[in-house]
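Read through the structure below, which is laid out as C-alpha cells, and then see the notes.
Just so it is clear, A, B, C and D label the chains in written order, and each chain counts residues from 1 on its own.
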Amino acid sequence: MTLLSVQNLHAYYRTEAYGISRTVRAVDGVSFDLFPNEIYGVAGESSCGKTTLIKVISGSIKHPLKAFEGSVNYNFGDYKVDMLQISQSELRRNVRWKRISYVMQGSMSVLNPVRKVIKTFEDIVDTHEHITDKNEFLQRTRTHVNRLGLPTDVLNAYPHQLSGGMRQRVAIALATVFQPALIIADEPTTALDVVVQRGVLHMIKDIQATSNNTVLLVTHDMAVHANVADRVMIMYAGRIAEEAPTESIFNAPLHPYTQHLINSLPVIGEKSTKASLKGSPPNLADPPSGCRFHPRCPYVMDECRTVAPDLISVKERHRVACHLVKEGSQ
Amino acid sequence: MRKFILRYLIPRIIQYLTLIFVGITVTYIIPRLAPTDPVEAQVSMMIARGNTLDPQSVESMRAALTDLYGLSGNPVEQYFAFWGRLFRGDLGPSLNNFPTPVSKMIGQALPYTLRLLIPAVVISFIFGNLFGALSSYYPANRALNVLEVVGQVVRSIPYYIVAIVLLVVFSYFIPIFPFSGAYPIGTRPDWSSIDFILTYLEHAALPAATLILVGFGGWFVGMKSLTSNIISEDYVVYAETAGLSKNRILVQYIMRTAILPQFTALAMVLGTVFSGALIMEVVFGYPGIGSLAIRAIYNNDYSMIMGITIYSIIGVATAVFIMDLLYPLFDPRVRYQ
Amino acid sequence: MKKYILTRRQFLKQAAAVSAATALSAQELGLKPSTLMAAPQLQEIAPGVLREECLILENPSGTVLPADDFNRWRSGYSGVWVCGLQQLALDALWYIDPDAGVDGVWDDALAAEPPIYNDDFTQMTVKLREGIYWSDGVEFTADDLYYTVDLIKNTPGLANQGLFEGSIDRMEQPDRNTVIFYLKEPNSRFHAAFTVRWGAQYIMPKHIFEQVDDPVAFTFNPPVSLGAYTLRDFDPNGQWYLWERREDWQRTSLARLGDVDVKYAMYIDPGPSDKRVIAQMAHELDVIHDITPEGRITLAKDSPTSVGWFPSFPWAHPDPTLPAVIYNNEKPGLDKWEVRWALTLAMDIAQIALASYRGAATISAIHVPPTGMYPQYYHEPLEPWLNDFTIKVGGEDYKPYDPTAAQRIADLARPSLGDLVPTDPDTIKQYIGAGWWKHDLDAAEQLMLDAGMQKKDGKWALPDGSDFKVPLMSLGESNPTMNRAAAMVVDNWAAFGIDTSLEAQANLWPIMSSGEYTASLAWTIETWGGHPDLFFFLNSWHSKFYVASGESSVGSNSMRWKSPELDRIIEEIQNISFDDPKGIELGLEYCKLAAQEMPITPLMAYNVFTTMDTTYFTGYPSIDDPYTDPVPNWGNTKYMFVKIKPKAT
Amino acid sequence: MLKVLRDLLRYDGRFRLAIILLGGVAAMVLLSYDSPYDPGKSFVVPWDLPPSREHLFGTTSRGQDLFWWLTFAVRNSLYLGIVTAIISRVISVLVGLTAGYRGGWIDRVLMAISDTFVVLPLLPILILLSFLLRDSMNLLNLAIILGLFGWSFDARLIRSQVLSLRERSFTRTAIYSGTSGFWITINEHLPFVLPIVFATTLNNILWSIGMEVTLSVLGLSDLTTPTLGTALFWANQHGALVAGVWWWITAPAVVTAILFLGLYLLFTSINEFIDPRTRLRLIGG
C-alpha cells in the first residue's frame, strides 16, 4: 500500500510582469511513492525544486505556482484524495494537520513573536477541532508536549525566550498534535548547532517510531539523511536524479551528482579540502538541454547534451536518471 | 525589574525631560527674536483702532504694561523668571486680553479641539490601519486599490485645501452641513441637552472629516508597508499552511505585529495633526486652540503663543513618553530585553 | 477693440449665471435648517427671541475672548468693546457724528450742554442731564462722572489714567448735576477725551465699582447698562452676544431722539467675507460691517434686499480714515521731498482704485479723508488752489494735479459694472471723489534726478550709488482691500524702476511705530468726520513728540515728519476753541503744507462695505439720510437704534 | 535604464498616468519660460473672464491670465519642494546613517534632537519665523527653513533601516576586515537606504509644497511670488468664491491635485519596481 503516489508531476512558476513572461520549471516530471511508516529523505542543493515539491504535495499551491501535469494521490486508508483536485475547504477540513502536517523551513521563526506558544497551539487546534473545553485542551497540550520531552513551561513562554533548538522542538510538537499520517519536515535542523541537531533528529525518529507515521524529511544535509532516512531521493534541477534506500545511496551511489554530494561529506580525520563542483545550479527558467546536470558533470558525453535521461530502475527500489547507467545494470 | 528601571525607564524619563526643556527653550527664544515687542503691539493697536489717546497717556500706559507683563529685566532674568512661573503652573496673563490668564483661555478652547482631534485621530487610525492591512493582504481587491489612491492623494493635499473643498461642497453647493462654528449662533453650549449634542455633532462633521480624510491615507500607507513586510514572514506563511482562517491570520498574526510601530507613530504625529487642526479651525471658525493660536499670532500675543506651544510640546512629548512606557505591554519582545 | 468688449460682455454674463446659481444654493442653505425647525415667520434665533424682532449685526472683532469680561475701562483693547457694549450699553458725555448726525453733528448725550470753558481754558464745567437711569434702577448723577474720573486718575492700569493724572489738577462737584474740572495747563480740547467718535471716556456705574476691590481685574459681568439695551445672554466662546431693549429705555439719553423699536440686537462673529455674503443672502445677518468689493458686487447683483451707504456703485461708506502710502521720512532717499513726490507721480490712482476696491473707492489728493463733512470743509475749498498748485520739476513749475482722476476711475469700472456706475459728474464727485495726482513717469523721473538719484540698469539707486530699496508693508490677509492696493502700488513702482516688494504683515502697527520699515500702506490720519477740527490726529505730529526711527513713536507720527511750519499750525489750533471757524483756515494751511512736502501719499477714504438687509428692518443710514456712520462697531452706532424700525410694525 | 522606462510605460498603467499628469505639469513649467505675460504685472488682460480658448484657465480679478500665471506658480512651488527635499534629505541621510551606524551616545543625542524636531509644533514656529524674517521670507529662505525642519521623521526611518543592516553578515565582515566606518556606511549601507531616501523625497516635496500653501493662505509668505499657495491667497483676497470667479480657486486646486497625484503614482510605481519583494511577488523567483 502506498500512502502517496506522485506521478509525472510538472509544477511551474509562470509570471508576467513588465512585459516579461517567465516560466520557472521548478518541478519537471517527478514520480515517486511514499509508504506508511518510513522516513523518506529528499536531498539536493538549494533551488533544486525541493521546496516546490513540498508545496505541491502539501497542497500549498498559490499563484504564481501552478501544477501543469501529473497527479498527487493520497491514500490514508479511510480517505483518498488527489491533492491537485482538492478544494481549499476540503483541504483545511480533512487534510491539513490532521493527516498531513508540516515543519517549515526556518522553523526558528514560525512562531508568532507577539503571542505565547500556547496561543499558537490554541489557534491550530481550534482551527481543526473547535475547542469547547479550554481545560481539556490545556491538559491535552501539556501531555503532548511532555510526551515529546519538552517542559510545560515552554507553553507560557514567548518565542524569543526560547532557544533555537527549543523553538524547533515546539514546531515539531505543533506539527504532531493530531498524530498525522504524514509529517513533512523541511530543513528541520538547518541553522542549529550539532548537539541540538542530534536532539531534534532523535525526537523526529522517536515520534516516527512511536506513531508509525511517515516522515518526509527534506534537507540538503546528506549527513542527516544518512542518520535518519530509510530511503533517500536526490533531486537536481527539478528532476529526480536518483532514489534508493539509504544504504544503497551511500554505499553505491550511481549518479555523478549523488557521488559528488556524498564525497563532499566530511570524514573524521581527513584534512584535504573537498573537490567542489564547478558552476552553480542551473537557472530553472532556462534549464540546460538534455541532462540538466551535464554542464557540471565530470563524465559528460555528447548524448547528455541533447537527450534527457529517463529515470530507470537499476534494481529493486533503486532508480537513477543517467546515461552512464543502463537499465538493470550495476 | 531593577534592570527594567535602570535600562529602560530612566533613560526614557531623561529623554522626556530633555525633550520638553529643549522644545520650550526654543519656542521661548524664537518669538523674542522678533523686531516688535508686545507692549508696543498693544499700544499701537489701540492707536490704530481709533481709540482717543493723548501722548502722555500712551507713555504712562507703555510703562504700566511693561511692568505688568513681566517683561522687565534682561532676557536672561526673564528666562529664569519664566521657568519659575512655569513650575508654578503659571503661564502668565494673555497680553492681548490682559489680565485674563493664558491657561484659562486655553482651558476653555482646548476641550473643543480635543473633542474634535481625539475622535478624528482615533477614527482615522482605526480605519487607516484596517484598510491598509486589508489592502496588503488582498492586493487584487479593486475597491481597496481605489481607496488607496484616493487616500494617498487626499493625504498629500494641504489641510487648507481639503477643508475649503469640503466646506464649499457640503455647505455651499450641497448645503447639508453648517457653515461655521461649533454650534449655532444664539445657542449656548448645554451638554445635558440631546438637541445640543446633535447640533454640535452636525457642526463637528466637516472639521472632523477634514482631519480624518487627511490622516487616513498616512495610516493606510504606513500599515500597508508594515504588513507587506510581515506577510512574507515565516510565521504568517506557517499559519496559512496550518490552515488558520484568513481573519485569524490577518488580525492575530499580521495586524497585531504591524500595529506596534503604528502606536509610536500615533504619538509622534500628534504634533502634525495639531498643525492641521489649527488651519482647519481657521477655515471652519471653530472655537478651539487653533483659532486661539491664529488670533494670538496676529496680535503678537507672546504669552498666548508660548502657552499654546508649551501645551502642544508637553502634550506630544507626554504622548510619546507614555507610548514608550506602554510599548512593552504590547510587544513582549521589548518587555524581556 | 469693439470685438473684445463684446466677448467680455458675453463672458461676464456667464460669470453672473454662475454666481446666481451659487447664490441660489446659498439661499437654500439658509432656509433649510430653519424651515425644518419652525415656520419662517415664527423662527426663533435664541430661546424666546424671534428672528423678526432681532437685529443681527456683525462684530468686526470676530470672536471675543475672553467672552465674559466687560470692563471697558481697563487699558488695552478687547473685542468685547464692540460686541454691543459700547454701542448699546455704555454712554458718554458728548458724541460727534462722523456724518451729519440725527440732530446735528454734535450731540449732548449724558451732558445737558456742550462743555463750558473759562477764558484761558484752565477750567471745564460739565452740566449733566437729569432723569437718566442705570439699567438696575439707580439714577445716573454727577457722582458717577466724578467717581469715574477720580478712580481712573488714581488707578494705573485703567485707560486714560495718564491723561487725567497729567492734566487734571482737581475736580469739584457743586451739585448733583455738575462737575468742574480744574486743569493743570490750558487745554482747549480737554473735552475730546469725553467725546465719542468711535469711542471715548465712558461713564462707570459708581454703585457697582465702589464695591470692587480691584477695578483693573474686575470683569463687570453682567454689565450694568446706561444705554437703551441690556445684555440678555452671550456665548461663553464669544461668538455671539444678545442684547435686549430695556423696559425703561425712555430713561436713557437716546430717548430724546426718537423711539427705540428694535426689541433685540445680536452681535455675532459671522466668519470671513465670503461667509458674511452668504449669511446675508440667507437673511441671517442684517448688518455686515465689511466685505470684499467682490462680495459687495455679488450682493448688489443677487440680493435685492441688501442696501448700502450709496444706493449703487461704490456702495461703501467712507470712514473718516485716510489710507495712505506712508514713507519713513528718515530713510535715505525718502528724506527728500522730490523722491516722495516722484513715488507719488509713479502711482496710477485709477489702477489702485480698481485693484483695491474695483473702482469703488473715494479718492483724496489731500491729507484729510474725503468723508463725512470734510469735502465741504476742505476738498471743495481747495479745488481751485489744487488746479493751480505747482511743484518744481527740473527747475520748472509743474502742475501735478489731475482733476479728472475720479472720472477715469468711473470710466474704467463701467465696462464690468455697467449701469451700476454713475455717469453724472456731480454724483461721481460725491461718490468717487474729485481729482488726484497725475500718473506721470517722465515728471517722476525728472524729480528723482533732481534729488540726485541715479538710474542703474533700469533701477533707481541712491545718489552715492548704493541700493534704493522700498519694500511696501501691507496688512495682508486681515485686510484684503488695503493689501490689494499695496500690491498695485508695488506694481506701479516696479514699472518705474523702483526696487520694491510687497511685505504683508498682519500686524504692521508696532513695526511702523518702531520705525523699522521703509514704506507702508496703512493710515495715520483719522478725523472726527463730522467736525472739522484736525487736532484729533495733528496733536501727536508736533515735533515735541518726535521720536527717531528705532524707538517707538508716540501717537500717529510713524512717518517721522518734522516741520517748523507744521508746529506753528498745531500750536495755533491748540490755542483756539474747538468750534472757532479759524480752525478750518488752519486746517487748509496744513493741507497745503502737506501737499508741498508729501510726507505720506494720501490715497482714498477707508471705504467700508457696510451692507444692510431690509428683509426684517428698515431705516438704515445712507447718503440720502446720513444721520450716522452705518458701521456697527462705533459708539455712534447707538443712533441707528432710534432710526431702524422693524418691518412688521 | 531606457528599457526599464519603456517597460514601465508599456505595462504599468499607474506609471503611464503619472507620466501624463507630470508631463502636463512639466509642460507648464517649461512654458513659463516663454510666457507672454510678466506675472508681476496686473491688469494686463481683461479681468474675470472664465476659461476660454483665448485664456485657458480664465483671467483673475487682478487682470492676469490665470494659465500663464500658474505656469510660474507651478515652477516656483516645485522649486521650493525640490530645494527643501534636497536640504532635508542631506540632513536626514547624514543623521540617520551616523546614528544608526555609530550607535551609543551619538545615536542617543542625534535621536533626541530629531525627537525634539518631531515634537515642536511646526506651524506656529513657522509663522513666528515668517514674522521675524519679514521681507527676507522669500522662496529660497522658506525652502531652507522647511528643509531644516523636515528631516526628523525620515532620519529616524533611515536609522532603523541601518540598525537592521548592521546585524547582517556583510557589515560584520567589513568590520573584521578593517574597513573604516565611513566606507562601510557609504559603500554598504547607502545602497540599501536609497530606496527609503527616494520614497521620502517625494513625500517631502509634497509636504513642503503643502506647508507653503498653508503659510500663503494665511498671508505669511512672499505674496508677490506666484506659487500654488499665493494663487489661492489672492483668490481669497478677491472673494473669488462668492464673486463667481470660481476658476481662480478651482484651477490652482486642480493643478495642485494633478501634481500631487502624478508624484504619488510615480512614487508607488517606481517603488514597486525597485522593491525586490514586490517585484518578486509579481515576477516570481
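Quick notes on this one:
Note that in this section contacts are C-beta pairs under 8 Å (C-beta built on N, C-alpha and C of every residue); 3 or more make two chains touch, one makes a residue touch a chain.
Quick caveat, the model's predicted, so the values are computed rather than measured.
The count of contacting C-beta pairs peaks for the chain pair B-C. Set against the C-alpha centre of chain D, every other chain centre is closer than that of A.
Each chain gets one centre point, the mean of its Cα atoms, and the points for chain A and chain D are 51 Å apart.
For the pair chain A and chain B, the distance between mean C-alpha positions equals 55 Å.
In whole angstrom, the spacing between the mean C-alpha positions of chain B and chain C is 38. Averaged Cα coordinates give chain B a centre that lies 23 Å from the centre of chain D.
Among the residues of chain D, those touching two or more other chains are numbered 131, 134, 217-218, 241.
With touch defined as above, residues shared between interfaces to two or more other chains in chain B number as follows: 35, 172, 297. Looking at chain C, one finds that residues 22, 278, 478, 506 touch two or more other chains. By the touch criterion stated above, chain B contacts chain D in their complex at residues 11, 15, 18-19, 22-23, 26-27, 30-31, 33-35, 139, 149, 152-153, 156-161, 164-165, 168, 172, 228-229, 232, 268, 271-272, 274-275, 278-279, 282, 293-294, 297, 305, 308-309, 312-313, 316-317, 320. The residues of chain A lying in touch with chain B in their complex are 58, 60, 91-92, 96-97, 101-102, 104, 106-115, 119, 123-124, 127-128, 158, 160-161, 174.
By the touch criterion stated above, chain B contacts chain C in their complex at residues 35-37, 40-62, 64-65, 68, 96-100, 104-105, 108-109, 112, 171-175, 178-182, 185-189, 285, 287, 291-292, 295, 297-300.
In the complex of the two chains, the chain D residues touching chain B come out as 108, 112, 115-116, 118-125, 127-129, 131-132, 134, 153, 203, 206-207, 209-211, 213-214, 217-218, 232, 241, 249, 253, 256-257, 260-261, 263-265, 268, 277-278, 281.
Contacts from chain D toward chain C in the complex involve residues 40-43, 46-50, 52, 54, 61-62, 131, 134-135, 217-220, 222-224, 233, 236-246.
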